[in-house]
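Shared chain: chain A. Partners: chain B in the first complex, chain C in the second.
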Partner chain A sequence: MAWDELLRFLRGPMFYAALVFFLFGMFFRLFRVVLLGWQRDRVPSKGSKIGGVVITYLKSILILPFIPWVKLTFNKNALTYVAGGVFHLSLFGIIFFGAPHMLVWKSILGFGWPTLPAPYVDWLAAIGIISLVALLINRLVHPVLKKITRTADWFNWTIVFLPFITGYVMSRHLWFEYQAAFSLHMIAVDLLLIWIPLSRISHFMLYFFSRTIHGAQFGKRAVTP
Partner chain B sequence: MAEKTIYQHLKEEGVSRREFMKFCGLLAGLMGVEFSPPVKALGAVAGPSPEKMVADALKSKPRVPIIWLELQDCAGCTEAISRSWSPSLVKLVLNKIALDYQETLMAAAGFQAEEAKKEAMEKYKGKYVLVVEGSPAIGEDQVFCTIGGRGNIDLLNEAAEGAAAIIATGNCAAFGGIPKANPNPTNARGVWEVITSKPVLNIPGCPAIPEVTTGTIVYFLVMGKLPEMDSLNRPMTFYGHTIHDHCLRRPFYDAGKYADSFDDDGARAGHCLYKLGCKGPTTYNACSSLKWYQGLSFPVQSNHPCLACSQPNFWDGGGFYQGQSAPLNRPDLAAFGIAAGAGAAVGVALAGANSINKKRAEHESKKEK
Partner chain C sequence: MNAESAVSANVVETGKAKSTRSETAVNALIRETGGWVASQLEACTRCGLCADGCHYYQATGEPSYSPVWKIEILRRAYEQRFTLGGRLRLAVGLEKPITDEDLEHWSKIVFEACTVCNKCSLVCPMGIDLGPIIHRVRGALTAAGVTPKDLHDAVQKQIEIGSPLGLTLDRYQERLEWITDEWEVDIPMNKKGADTLVAFTSIEMMKFPSTIAAIATILNKAGENWTISTKGREMVNFGFFEGSDEHTRLFLSRLFDAAKELGVKRIMVSECGHAYDALRWTAANLVQVPKGLTVTHIIAVMTDYIRSGRIKLKKGAYDNGTITFHDACKIQRRGSHIKEPREILKMLAPNSFKELTPNREQSICCGGGGGVISIKEADPLRFAAFGLKMDQMNKIGAKTVCMVCSNCLLQFNDGLDYYKSDIKARSLSDLVSKAME
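What follows is the complex of A and B.
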């Protein structure tokens, strides 16, 4: 009885509350960042800012993921680059093309799309889990990373890791009965939704803003004050 | 004269010994009685065979009457039983062995029927099996369900008092079922929430699988005790696995092949119905192994997703055709708008306050210069 009721709560009111909090928090973050203040161009720019934005996006989509040595991170710490990249790919693959996740999107957005076969999604999850573990070990042994890691970073790692591992356990039917695994996965997901706006995981949205600002700056051809 | 045993009773009803032994084998199979694996592996059969064990029990035990109460129900469980695939089994169990009071099936009506029940309850006090179909309604002083002018809770308590075992058949009796669905106007409950003094064995389902009901009743007749139960008081023999565990479409689930609608190529090819709202992974029942109508089919085989009818609150467990992973309540736009708007407003307000502070600081630093 307990698992069933817990699951109903986690899939129902708790998910709803987490989602509403997530939206509230993300809009708050967004407006805070956008309204931090914009610097006026004191000198007219000779280059194209929009061109700069386009180039920086093309670079980050087409070049940085596929030609590693362009990126400084790869030359300095290849593991961060490879594991980080693979982790993000696996994350996107799972949350957009895993059938159960697509059904969540469908219930919220009102439309669905084709999904990947379950074994592919399972492999993606396994790869994501392995890369997360690799990143954790890297963080534990890397002399610089060790120094700059704070409590929030460990928390970030845990909160991102939990949905992965519980989701994998659930979809592979390991150890727990299905409702229990489902409940654990939902706890992890609800936690993640609440934690995102409070943490650096909000980079999933803010990344695009920083990328745009950087692009515009790079496109400028003028003396910057 | 000593009380007639079940076997003697069956013999009088014209059941031959051959039929009786077949019946015992079937029952042993249904009840999950078998040799322990080491005994089987050795090939050395020690002790009686399962069917003989059942036969011995039925030969030596007296007839046990069943009183079948119907509360807030559609009589669907009775319908299912009367159309069961194993008419010999169900007929034997319910018509010939035991059934003493069943409002839908009995010929008697009115005072005559109530009299028969009273008589059976007195005669077999402490021995009869009480089967309940339908949910008790405790709301508004029991006015929503009365039989012969008496409230259903009173009738239930009265029948439960002298019962040797109480079996709740169907989701309504087990967990409140459809009458309990939101907003539950009659304040319906599961029987086990009303009768707490004795264990109530639940056989949920909408309807309950007839072989499971009769198999459990016979288990009690043969063993003299209720079978092993799970946390929801369901017999482990029949509710030990999920629909998903034994589903014939499971390979398609594992391979990630789904039907996207009821009439696409996937559906025609018999692919998994998960995307069409199948609740098989969280539903414990024997449908996918025992099946219905002589093992002919069950909902998933007939191209319909499982509705989770053997689980508590299945009627309020999200849309029947909505994927199980989807959130239970569809979030509405207004709530999203309010959340987003509130977030934006707080963000703007804070940014405004910051900008005022900044200007003031700049102004003051200029003044100092």
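What follows is the complex of A and C.
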């Protein structure tokens, strides 16, 4: 009974409040960097800036996360490449092609799309969880990561991990009764939405800045980005 | 009242006196943080992959050489001034303000353990343009007066004498006369109405006169209407090494003034990388480039001559023993002259030219660029990084390695000596000049 009410709150008002906070937060982050001022690049281009941008997106989204050995740095840190790449695949697979998630999108956007069968999504989640654990261990032992990791990075990991593990527990009907597991999942999701604009998880938006700059700078110089 | 305000003024002053340097640095760092830098700083996910792009990290395994750590000081300055979280962390003591010791630490890592080669930006999954950001960190540290002494002295020499190696105008002219005699080559000076202004670097003047003779020979053979200028005689820009916009402008304008005075159409950079980056890819954002003036590099000019038949090469002139090419960070990765040297080498050594791995824009830096070679204290580090280059050359059994950057060439000569190797390092212009029909 109590779980029911809590769940209704977490899925309803709390979820929308978190969503609004997320959107406002991200707009704030966006405007802050946009309004900081951008110097015009007066250097005459040799190649095409737009061409460089197109190539860098194609390479970075479609190819490089999965075959990074072209840069010859793969062997030195294979775990970050593989676990990082697999984690993002798992994440996008679940939030766009998991049936319950698609229904959330549908309720917001007004249209839906075909989804993956539930067992596949469970497998994706399991892979995501394993890669997150691998990345955590890597962060604990890798000398560079040990040096650069701060409190916020541990928070980031935890807050990303929670929706995964609670979602998996809920979907597989492990340990908790369904309503309780669902409530825990919603707490984790609401927390994540609130935390994203406050943290580096916002890189999904700022990525488009750095990648565009990268492509334009290499394109300007007529070098393959 | 008066006494009180005097006391508080004193406190503020002593407080200021203690931290003037770090304050100057933080202010300079903040000034550099436009949207261009801020958006990239915020995009960083702190994954640490950039470390594997850095030759200094690869050679030593020292985590503070990872590029992400090199820009950490800028991140701290930016967040502590601009972001809510940063200010909060500073207020509750989760993060410390930037101190003078921090400046010393970052001065060591960004000047001695970074050549601004920008390989890291190719490794970064977010594509953050780390090299130029580190360049800005250098600038802020220079503003605060914590540039390594050797580099600082070289800049002063370039300001006062006109050459970072202290080559006076008299010595410069003597040396040119000697080159003219020794190699029997004509070097036109201060020729009004020439098309191309050429300037050499002090490294070439002092250590590689044969490169100067080679470039002059090629230009003369092709019938180029060129000149050097006593006013703009130094190609290298040590202000660009220290990241100081003010000094970069000063040295750039010496060349541009000379170009204007002589009425040339273009400036040709000799075998120098950083100068090419400064003149071709940075100048327009710092100074008014004379209208219609273009900047080119000897490798582009040489290739044009060959393609158009103005000079002809003996095919297979260097087909005796494996020869390879080192891609310089500023001329190839950041200058795009990647195809040209290969086109030439496939003529000069069609059977014995072999690539190093990695190569082209993915090449690993020689370890001596970005001013590192001028800092004595950085010697152990630059030799350690050169070990990577040694491995690459040994892997293909190279007998000769050539390049189009004199700074790289100096590093290769020192490095090959250090590792007691028999491999010969050559300037590509030198090879071309000796293989002309």
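A few remarks follow.
Please note the rule applied: the second predicted complex is superposed on the first by the 216 of 225 C-alpha atoms of A that agree within 3 Å, B and C clash if a C-alpha of one lies under 4 Å from a C-alpha of the other, contacts with A are read in each partner's own complex, and residues count from 1 in each chain.
The rule is short, and it goes like this: a contact is a pair of C-beta atoms (placed from the backbone, for glycine too) under 8 Å apart; a residue touches a chain by one contact, two chains touch by 3 or more.
Note that the coordinates shown come from a computational prediction; the quantities given were computed from them, not determined experimentally.
Applying the stated contact rule after C-alpha superposition, one finds that A:R42 touches chain C and leaves chain B untouched.
Once the two structures are superposed, chain B and chain C can be ranked by residues of chain A touched, with C on top. Once the two complexes are laid over each other on the shared chain, residue contacts for A:D4 go to chain B alone; chain C is not touched. Shared-chain residue A:L103: touches chain B; no touch with chain C. Using the contact criterion defined above for the overlaid structures, shared-chain residue A:Y207 touches chain C, although it does not reach chain B. When the shared chain is aligned, chain B and chain C each come close enough to touch A:R29.
By the touch criterion defined above, A:G215 reaches chain C but does not reach chain B. Once the two complexes are overlaid on the shared chain, A:P119 sits against chain B while remaining clear of chain C. Judged by the document's definition of touching, chain A residues 29, 32, 35-37 lie at the interface with chain B and also at the interface with chain C. On the chain A side of its complex with chain B, the touching residues are 1-2, 4-5, 7-8, 11-13, 15-16, 19-21, 23-32, 35-37, 99-101, 103-104, 106-108, 115-121, 178-179, 182.
The part of chain A that touches chain C in the complex is made up of residues 29, 32-39, 41-44, 46-47, 56, 60, 64-65, 70-73, 76-77, 80-81, 84, 142-153, 198, 200, 202-203, 206-207, 209-211, 213-215, 217, 220-225.
Across the complex, chain C meets chain A through its residues 33-36, 38-40, 42-49, 51-53, 57-58, 61, 63-64, 66, 68-69, 72, 82, 85, 94-95, 121-129, 132, 280-285, 332-336, 338, 357-358, 360-362.
Listing the residues of chain B that touch chain A in their complex gives 231-232, 242, 244, 253-258, 274-275, 281-282, 311-313, 317-318, 322-331, 335-336, 339-344, 346-348, 350-352, 354-355, 358.
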